[in-house]
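What follows is a set of structures for review.
Look for chain A in each of the two complexes below; its partner is chain B in the first and chain C in the second.
And now, the complex of A and B:
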């Protein structure tokens, strides 16, 4: 953290303190209040859109729930604002949770559509459930504490606190995890991230922010009615976010303040406001997709490109990779009768394979033999038609990819799946996911356990990168690396899982001889450190050099298995690769 | 309830359900081909309805009205693809926001031209909207019958286009794999424009058809978009026929639930979406285990 950081925040507090006297009319004080609670809503929306890659077109609904919660509790039950504010956040959060849960399981798009419906439903309820909400007549005599300026200080103070909490969250491992699953759900699952759960939580947190913002709206004028919670309001927040910059920490506040003043100065254009909002959306997304803050940040970053250059350390691999002990003896991974058909095409047919712990086991076969499908069956990415996978003697039926990763099954991908929004180091950090213990709240508040965890994982991640010889690239965006380095980065991420077994899908595809030699060396050291390896590869030279055991698939069936020498001499294998005449030639 | 009024409600449900199905077909065909769809589809419908109203009131015969509205909306669909879809692509969710933005601009334009108060559409078949004909002793609202027949004709043409023409096959190829289709000489970009034009035409026709049985309002679009989406979810968004059945089911459920309580009538499609997503996430008609 830069030493200037506290000074900046002091300056922020001073500015906020002076603002009401600099703009002395009551009208401006109200405008400032509005900008402050709208900022809270948009900061929450940013978590959803910018970090978890989801979208909500009904945030006014959560805003409304917050407003009605606090208004009803203070007017009908006489509760204190200090109780109703958290209650407003909690109610809105619960609504967000319930809304997201069924939708996220299916498709991201469904959730987007459902949020439209949700906003609409809240609008209807606010209008027609008159007994509760007062409908268009509304609720009167909501307490207005602290006077206009005092109230602005309260709202602004909470906004600053919530912004800080959000900064902690998004800057931490927690935020990187969201960015990871936004970038590649498949890869996120492969390191043990339960994607659905994370998305729902992000949605819930976002709704909490909207609820708190809405609560402040409730107490602003002492009066609310159903007219304030329309689709136009949801749109307003999205426009503010897009203008400010989706995914940048201060985009929300900049966008909100900008839009508040635009709205103020174009009050005569009230009838055309949808035209303005829609126009802003289209224009910004097409011509300035990073928004104001995002564009500035990009520009600044280009000027001070940081390269992290940690010292090359001698790495005690066994220490870094030490996974929780387990008592199982015998084969580490076994498949029985494993079968997968695609619309009549046999991908994998009744394959039985036994992988002994501490060995390098190669799976070879011509193109389309079912090798990658086999890996996907083991990781649970696709469900098997028949047959089972046993891991440490236990079957894995019903376990999804993240659950299997959490048991210690890691993988790399044939077509690379790095997290594009993250640096090399962060990609590896996310790999430690299953070893994390700190909670969301600890990350939001920057508590010691979250900090210790981050420091520990960072140290280990650098050690892994150093072991693979790419630690000087740690600070670069993963997608900026050369192909070979990207593969190593993926390997480092998989190793961060501290796996018992790692499944490598074509680890040396596209590698030159020097790189192949290096990977041979690396895999040898991993085997020595006790990690079991199943690899799919076409480079026979490589396979024969490194494998303890080789299995051969052809048209989905296992046709041979043995030591490299045995497999090389097997006529069926030669036939599979070279055809019948080739086999005859080889015999001669 | 008498069997007669039961049948009347049924016919009414099939009529509005057909409209929902037409909207959902617009979602389906664009999403299948481009992985995007128009969140302002309901606003397109609204614009179609208002344009139709203006032309009919000006004395233009209904058939010409329909042709003009279809042409205008198709052009608007092409414009949408050009300014709100193509520049942002399908990889991020930006297209959700740009199409939404396009939709609210249409709303604002409609407000400027037609005002904010509700308006009603004259009958499409002449006479009064509530005119009834007797079929086997049962009174059926002519307007609703007209909607049903018209939507069957449109669906017929739509299915013919998708399943029996080279264009339909090209669309299916793009849906299966854009890259492969492009390699085989399918102009993927033109297909994107085409599906957006088709979706807009479906919205135009639905707007004219639905005009007489609803009240017209610049902000009516969202309601129809949500119901169209609910219809699609019920049908699983996998086949045009499934979506059609989903829409009709939704229409029938809606009319019957309005009988029970009309105060919160608009909530039912939303509840249906949620229930379907919880219990049958891949739609009512598909086996959820097969993917």
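And now, the complex of A and C:
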């Protein structure tokens, strides 16, 4: 943390303290209140959109739930604001959680439509459930405590606290995990992240923020009715976020304050407000696609980008990679009758494969032979039609990719699937996911266990990177690396799982000769460290050089297996690759 | 017909072609064989203007085309029949063929003439002209892809793995069709993994391995050369 950080926050507090008296009329104090609670909503929305990569066009619904919760509890039951504010957050959070549970399995446009629908449902309930909400008549006489300036201090204070908590959360490994699944769900699952669960939690947290914002709205106005929670409001939050900068910590506050004052100064143009809003949105999307703050951050970052010094540690690979002991004897991984058909096309047909622990086993075959499908069947990315995968003697039926990763099955991808928003080091850190124990709350509050865990994993991640010879690149964004280094970064991430077996989908595709030699060396050391390797590869020199055993697939069936020499001399293998010489001759 | 000199292609940060040279003379069938990942498909895509050429040149009948956009290259009488058929599965067989003659759309009689010619070449397609292309068998889809490419009446056809995923008997049928096509005066550049079939058909062949031409010569010689197998399975 920079030593200036506390000073900055003191300055923020001073500015917030002076602001109400610096502005000419009380009207501006109300405007500041509005900006402050809208900021809370947009900070929450940023977690959802900018970090977990989902979208909500229904945040006004959570805002409404928060507003009604506090309004009803204070007016009907006379509860104190200090109780109803957290209650508002909790109710909205629960609603977010319940909505997300089924909705989160959809993506993009569909999720957006569901959240739009949710927003309308809340709006209509507010209008029609008159007994509870008072309908269009609304709820009157909601307490308006502390006077305008005092109330602004309260809202701003809470906003600052929630901003700080969010900074903590998004800056921690927890936030990196969200960014990871936003970048590539498939890769996130491959290191054991249960993606659906994480997205639901992000949705819930985001809804808590919206609920608290809504509660402050209720106490500001002293009166709420169903007209306050329209689809337009949901859009407004999203526009504020986009203008401020999606995914940057201070984008929400900048975007919200900007829009609040624009709305104020264009009050005379009420009829044209959507036109204005749309205009600003368009301007941002075209000229500042990262938003105001995002653009600034990028610009500043470019100027002070530094490389981390490589750590001065001799790598004890065996210790970094030590997986939990398992005690199983015999084959590590076995498949029996494994079968997968796609729309009548046989991708994998009754394949039986046995992989002995501590070996490098290659899977080869012509295009379309079913190699990648086979890997996907083992990781559980696609379900088998028939047959089973046995791992340490137990079948893996019904286990999804993250569960299998947690058992120690890691993989790399044919088309690289690095997490683009993360640095090389962070990519590897996320790989340690299955070894993490600290909870969300511990990460949000920066408690010791979360800090210790992050420090331990950082040390191990740097050790892995230095083993692969790319530790000096640790601070760069993964996508900035050269292709060969990206492949190594992906390998490091897979090794962070501390796997028993690692599935490599074309580890040397696109590599030059020196890089191939390097990978041969690395894989040899991994084998020596006790890691089993199953690889799919087209570079035959590489395969023959490094493999203990080679299995050959053709049209989804296993047609041969043996040592590299045996396979290379096998006429069926030659025919699978080069065609049938006899038959071709006959046609002449 | 076609001369490729020292062609280099990068996909992003990956060097896929590391200086490939080859030549196809008018009237020939030339095949480029090799294991998957060797860069064969990229070679065809580069000639068609679909892959980013970093260095080297592509000459079509003596004229450089390595800076010509893909749609202009296809107007020069070059047909590229891509890997994996790439037919439009939701359109009928006939509409797929009509798409192939997109440039001739105004000249209806010509479209009809070419379509009749393709139905004659592939009677199976004629029987299924009204059927949705996605419902065809793999072999029929490949025939449709070829027929669609020929609807532009090309002089030079580049074909990418027509045998992919097809049973040997179907491969045989398609190879026979290609031979007939060549006898009608069409020059062919055939990319194949199935070396045996391709070398029977072709006059000359090039064996590629990891982005380079590893071996080349008359097809008859390559058929007897054990190094071809090495090119696939290492050695």
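Just so we're on the same page, the second predicted complex is superposed on the first by the 576 of 588 C-alpha atoms of A that agree within 3 Å, B and C clash if a C-alpha of one lies under 4 Å from a C-alpha of the other, contacts with A are read in each partner's own complex, and residues count from 1 in each chain.
Please note the rule applied: a contact is a pair of C-beta atoms (placed from the backbone, for glycine too) under 8 Å apart; a residue touches a chain by one contact, two chains touch by 3 or more.
Small disclaimer: the values here were computed from a predicted structure and weren't measured.
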With the two structures laid over each other on chain A, which partner does A:568 touch: chain B (first), chain C (second), both, or neither? second
Just chain B (first), just chain C (second), both, or neither: which does A:509 touch? second
Now for A:160: first (chain B), second (chain C), both, or neither, which partner does it touch? neither
Would you sort A:53 into first (chain B), second (chain C), both or neither based on which partner it touches? first
Partner chain(s) touched by A:483 [first = chain B, second = chain C, both, neither]: second
Where does A:577 make contact in the superposed view: on chain B (first), on chain C (second), on both, or on neither? second
Chain B versus chain C as contact partner of A:464, first or second or both or neither: neither
If you stack the two complexes on chain A, which partner ends up touching A:535: first (chain B), second (chain C), both, or neither? neither
For A:238, decide between first (touching chain B), second (touching chain C), both and neither. first
Overlap of chain B and chain C contacts on chain A, residues none
As the complex stands, chain C meets chain A at residues 11-16, 33, 35-38, 138, 161, 163-165, 168, 171-172, 175-176, 193-200, 210, 223, 228-229, 232-235
Which of the residues in chain A end up touching chain B in this complex? 49, 53-55, 57, 102-103, 105-106, 108-110, 112-114, 116-118, 120-121, 124-125, 128-129, 231-232, 235, 238, 242, 271-275, 277-282, 285-286, 289
Give every residue of chain B touching chain A within the complex, in rising order. 31, 37, 39, 83-84, 87-88, 92-94, 96-98, 100-105, 107-109, 111-112, 219, 222-223, 225-226, 229-230, 233, 263-264, 266-267, 269-270, 273-274, 277-278, 281-282
Where on chain A is chain C touching in the complex? 345, 366-368, 482-484, 486, 506, 509-510, 512, 538-545, 555, 564, 567-568, 573-575, 577-581, 583-585, 587-588
